[in-house]
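Two complexes come next, and they have one chain in common, chain A, joined by chain B in the first and chain C in the second.
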Partner chain A sequence: MVGTPPNVAEDHLVDWFRWMITMRTFDQRAWNLQRQGKIGTYAPFSGQEAAQIGCMSALRADDWIASSYREWAGLAYFGVPLVQPLLSSAGHPDGGCMPESLNVLPIQVVIGAQLLHGVGLAWASKLQQQGRVAMTVFGDGATSQGDFHEALNLASVMKLPAIFVCQNNRWAISLPVERQMNVRSVAQRALAYDIDGFRVDGNDVLATAQVMRSVVDRVRQEQVPVLVELVTYRLGAHTTADDPTRYRDAGEQAAGAAADPLVRYAAYLTAQGLLDAAARARMQQEAQSAVDHAVAELERRGRVDAWTVFDQVYATRPAQLEEQRHELQQRVLAHRADGAGGGAR
Partner chain B sequence: MLEGEQKDPAQADRGAVGPIRSYQWILPDVGEGIHEAEIVRWLVGPGDWVGLDQPIADIQTDKSVMEIPSPVAGQVARLFAQEGQLVRIGTVLVEFAVAAPNPAGDAPNGLPPGQSPHQANLAPSSERRVLATPAVRRLARELGVNLQQVTPGGEGGRVRAEDVRRHANAPQPTDDHPVEPVEPVELVEPTAPLASSPGRMDRVPFRGTRRAIADHMVKAKFTAPHVTTMDEVDVARLVALRESLRPEAERRGVRLTYLPFVLKAAVTALREYPYLNASLDDERAEIVLKREYHIGIAVDDPTGLVVPVLRDVDQKSILQLSVELAALTEKAHARTLSVPESHGSTFTVTNFGSLGGRFATPIINYPEVAILGTGRIEQRPIVLADGSLAARPVMGVVLTFDHRVIDGGLAARFLNRVMGLLGYPERLLLEML
Partner chain C sequence: MSQMTMVQAINHALRLELGRNERVLVLGEDVGRNGGVFRATDGLMAAFGPDRVVDMPLAESAIVGAAVGLAMGGMCPVAEIQFLGFIYEAMDQMASQAARVRFRSNGRFSAPLVVRAPFGGGVRTPEVHSDSLEALFVHTPGLYVVMPSTPYDAKGLLLTAIRTPDPVLFLEPMALYRSFRQEVPEGDYEIPLGAARVVRAGTQLTLVGWGPVVPVMEEAAERSAVSCDIIDLRWLSPIDWPCVLASVEKTGRAVVVHEAVRTGGLGAEVAATIQERAFLSLEAPVMRVTGYDTPYPVPLLEDDWLPNLERIRHAIKRTMEF
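Up next is the complex of A and B:
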């Protein structure tokens, strides 16, 4: 880590590390839960904790977030409960229910679609003069989507308080970033829309937090969009259905592991006298218990009746949806009564 | 889908749930939309105690080999599949004895109390992995075609829709059993060993040298578009020349074969046609023309193909090549080749004729761009220049080339040159250094 450290209180610095450890622990457990059949497809974020937590750390509690499916470290830091990603991957109807107290959209699985939602939220914030900014987070793969360009263009034309954060983890599933774009950085695409673009070492939580703070302040005050590219690395697979050893060689994996933000940040905090082995062990233990708690919560809430999938779609169910819900309920109950067991649940 | 747990049916029937409970783990969809997986190896056995998330098995799907972490802490009571077995998603694979009570309630895996989960859908272990897209799999189901029996025609051994249709239209010789799973069978008692796979066959581990050769061949064949050109050459003069030189060579303790002549002819032609002594650097979009002539020699060995490298063939005499060839061949069989003796060839020669066969379509020794093959020399009827028929010693020669780098015309000119030198070996004198 180089440069002037940001003006951040010490307990903040340690807090970030605590969150990084917690989310790494979570990520590994979630992977196992998928293999055990307790949740469905899951997209691990290990290696991107600093980029995620660093960028969310600059937001105000009432700002908007529209993110992809790989942002759980940042979202958890922002206040989303740890059980949420588990519910989401388990296909639980509550998977998309973000806390009422937060302005966080459900995660977006369609690549790049959340950028448009982010622009809409930014536009609404501007019209309502709420002083809120809308941050939208996406991967490097999303920058090759049409939605990316539409979103940046509209935000630029309308001068919207939108922050576009690209988590450039180098890999769009199996496609390396240099094979999907002919430009040297995502950040330089900002030029095309005459907005500011920044490229930051996303594996440096301090650098990320520092740049994001000034960006968020500027966007809030001047009501203009900004594009930020956080250069990071996806240490693991694209999802639980992926095997990165098929397309990445061992040398690259090793280089990625060497740049692990947890390793770097731990070294920094230790050198600053803010972290020692005992504190770290304690944090690890706390992380484990937080994750255990989330898994227990998942298991407590895990099993619901199939027809409840309709319940979260509208505040008040339209007649047609009510009808479908009723029909499904009747069928499932009839199926159960036939002695087919609870398999349809 | 969130719990794979259930009470022991016997205990449930008695209504007395003891402190030790049974947890049956059902193989989930460990990928995304897969429907079967192969048990590569068990990392635990009956009686072993395992912790939560401790690895218990490696399983393989269409996409990858993955490690399965234990879903519970407890003791492994039974395993319901063997290594190498193909298992459908939803099959009970492991039964654990666990101590902790289950807060999730009764029979959450969907099986009513008292009904035994059966060890269903265990396909025969002889099945190989079939590569096919979901659309093709669906087509196969619709046409009642067993994908295992379809000859793949697609890249990388993939079964394509047209392969399935062709298979469906072809007359089926014997019992074309449908893809449906075998009959459910009873739970295997813990004391009884799992029934071994039926049928008369041996299963040989695919690893080591065999695996390395396979990987190399697949890489070569699926990277370089292969074309093979073939011809025959009248080698009467070469046979006579070798016969006349043999006594002299033997006096010097050297057994003279045809191969050094072939190597000399090949190198002479390679010097004139540098694009055959080359490789393709895809990354930099460059063809690398090599100015060294290190020739790989394919050597048949019971443990698998070995290709020792005879270095600087252009700078060595036929006698010297004979001596080195003998030494390299011996080392190849003994697996004592050094790195320079086994790597860095720029072109390869395979004398498949030494084992029989007039023609072959050799696979390029990737990343080289061509390989020369020589067939058995045998008396064949040929038409001489004056139109008369004669029996002459004839050798088949073949050249497989990488069509990315070499076109048919160049390949033919090269092969013609080699044939000219083998047909009139005295011409090699003109090339002597």
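Up next is the complex of A and C:
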């Protein structure tokens, strides 16, 4: 990060940092909420904030996003409310219900599946001349799946406005990249499909934002797919159920922490005179209250009636499901009337 | 003998067989250095090396497809699918390849592999991790399907599965991985292919189930005044019909319990076969207690969705009062 990047307003530069701090604060809080039993399994993204926020920064408000479960910093920056990841990890039915105003699919847990959706979304946009691009975001692990190769091939053959963003955080749970692939970069795989491939330092939010802006512009104008590899690092565990000390050593963790994108970007902004201690403290405080607000919202959503599980299986409930819904409803209501908590096994 | 959880018993079986037969290899995502996300393969890579216990790139079709090739080529692969919900990625390799190669080659080739996969609810997983998909595979001729509900059975059944000359899908109920310990022999033993287990002997009603619902059926029977025969099928393909039918002929009443969704579930097969072959013994229709016909619910709703104690007791009552 040297010098001021071309064509980026100063308030953008600071805004990115504000989002990075907010999401780091969120991530730590979510981890703690899981430890307190208030939410379930959670996949922390600390260390990947720059790659995520930078990657979304060039999108238009109506563009499509199909991402993995580790993309909450980018999604929040794009407009998904902070309560969304909490609902998702708490196992609330609304966890996947993204705001109407955004063209964001529910997070994908089946590794690689969303790449093909991205292809179809880009295709739909092209057919309807909507001018939207479809961005799919996935991990290094996903590049081993057939879906990855099928998606790149199809998007290339059909000349679709699809952007494939690989968040290469070095690990697919316990498997490091060098044992996932025998190539030096994910980006070089673009060559096989005759599309453009870029490899970017994803921990540099400016470099990421800059590359993404030119990629998004090109994809939108020329209606061709592009592959972007953002090289980053997962600072924490794979999920709250994972123990990374089983498979990576302290030296690597320390090196990862030293390359923390927040530290780097704070140093840059400070040197540019765009950030001082007081501003940072203020941002930290705002982050805290934004996160508090999301947690309060989660608590407010509270209980869900079990029989609503039938409500979004089909557009119209077949009689058989109606019967089952009724049975479940009667049972749960009777249980409540008995004063017992539902669902004792 | 020592007290083991189901996960430990599975680890024991794998260790024993890796040590006994050098053609056995374990492959899957995170099975090596990490010892599996549930630690089922803990310590195996350290003991047998990375050629025998292989951390695979993230691709289920590659894992099962390569295992089919390894098996045809003379090896005994034990593949792990990290969660059963991800086996759809490998469905072609499971159903059209592994299950059919003996048939397609008219006996020239076979694919004696084992695919292990954790599954089942009640443990608050993210979506797709808890689905009970056994019916899809029971509906696939050429595959054996087996599901332990105790540590003892897990070890013996896995040893049988690895030594079976055809593909076996070995389904591990996550909720039972560490829920209790049991005496498990240190040594080698098998549990015969196709043999169900009579969990408890009773006279008035037969409870048939498999996997995660077995302890729930046991609790229901314990708390009930009705004398229940409980059968844990264990082998879902092939099913031990003589065991099921003998019980129903004795009791005259049956309730089938499974966690998988109701429609097209294996419970339908059990109920249909009972009425075909033991009709004159029946005092009441065969009832089912199952998951509902929805995708597996989010964690906040799963307890009410699962076939719990209350639902089983209700079914027992209705069957008795018919």
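Here is the rule we go by: the second predicted complex is superposed on the first by the 317 of 345 C-alpha atoms of A that agree within 3 Å, B and C clash if a C-alpha of one lies under 4 Å from a C-alpha of the other, contacts with A are read in each partner's own complex, and residues count from 1 in each chain.
Convention: a contact is a pair of C-beta atoms (placed from the backbone, for glycine too) under 8 Å apart; a residue touches a chain by one contact, two chains touch by 3 or more.
In this text the structure is predicted, and so the values were computed from the model without any measurement.
Novice: Putting chain B and chain C on the same copy of chain A, do they fit or clash?
Specialist: Because the two structures are overlaid on the shared chain, the partners are seen to clash.
Novice: Is A:Ser144 contacted by the first partner chain B, the second partner chain C, both or neither?
Specialist: A:Ser144 sits against chain C, while chain B stays out of touch.
Novice: Please work out whether A:Gly91 is in contact with chain B alone, chain C alone, both, or neither, and reply first, second, both or neither.
Specialist: The answer is both, since A:Gly91 touches chain B and chain C.
Novice: Is A:Val332 touching the first partner chain B, the second partner chain C, both, or neither of them?
Specialist: second
Novice: In the overlaid three-chain picture, which partner chain does A:Gln36 touch, first (chain B) or second (chain C), both, or neither?
Specialist: first
Novice: Going by the contact rule set out at the top, does A:Arg246 touch chain B (first), chain C (second), both, or neither?
Specialist: In the superposition, A:Arg246 touches chain B and chain C alike.
Novice: I want to verify the contact counts: of chain B and chain C, which reaches more residues of chain A?
Specialist: Counting contacted residues of chain A, the larger count belongs to C.
Novice: So, does A:Leu298 touch the first partner chain B, the second partner chain C, both, or neither?
Specialist: first
Novice: From the options 44-52, 134-142 or 404-412, pick the one stretch of chain B whose C-alpha atoms clash with chain C.
Specialist: 134-142
Novice: Which chain A residues contact chain B in one complex and chain C in the other?
Specialist: Of chain A, residues 40-41, 90-91, 241-242, 246, 342-343, 345 contact chain B in one complex and chain C in the other.
Novice: Sort out for me which residues of chain A touch chain B in the complex.
Specialist: Residue list for chain A touching chain B: 29, 32, 34-41, 90-91, 239-243, 245-246, 298-300, 302-303, 339, 341-343, 345.
Novice: Taking the touch rule as given, give the residues of chain C at its contact with chain A in the complex, in rising order.
Specialist: 29-30, 32-35, 37, 55, 57-59, 61-62, 85-86, 89, 122, 124-129, 216, 262-263, 292-295, 297-306, 308-311
Novice: With touch defined as at the start, can you tell me which chain B residues reach chain A in the complex?
Specialist: Within the complex, chain B touches chain A at residues 1-4, 25-33, 53, 63-71, 103-104, 107-108, 110-112, 115.
Novice: For the complex, give me every residue of chain A touching chain C.
Specialist: 40-41, 69, 89-93, 95-96, 109-112, 141-142, 144-146, 172-175, 179-181, 241-242, 246-247, 304, 306, 308-310, 313, 320-321, 324, 328, 331-332, 335, 342-345
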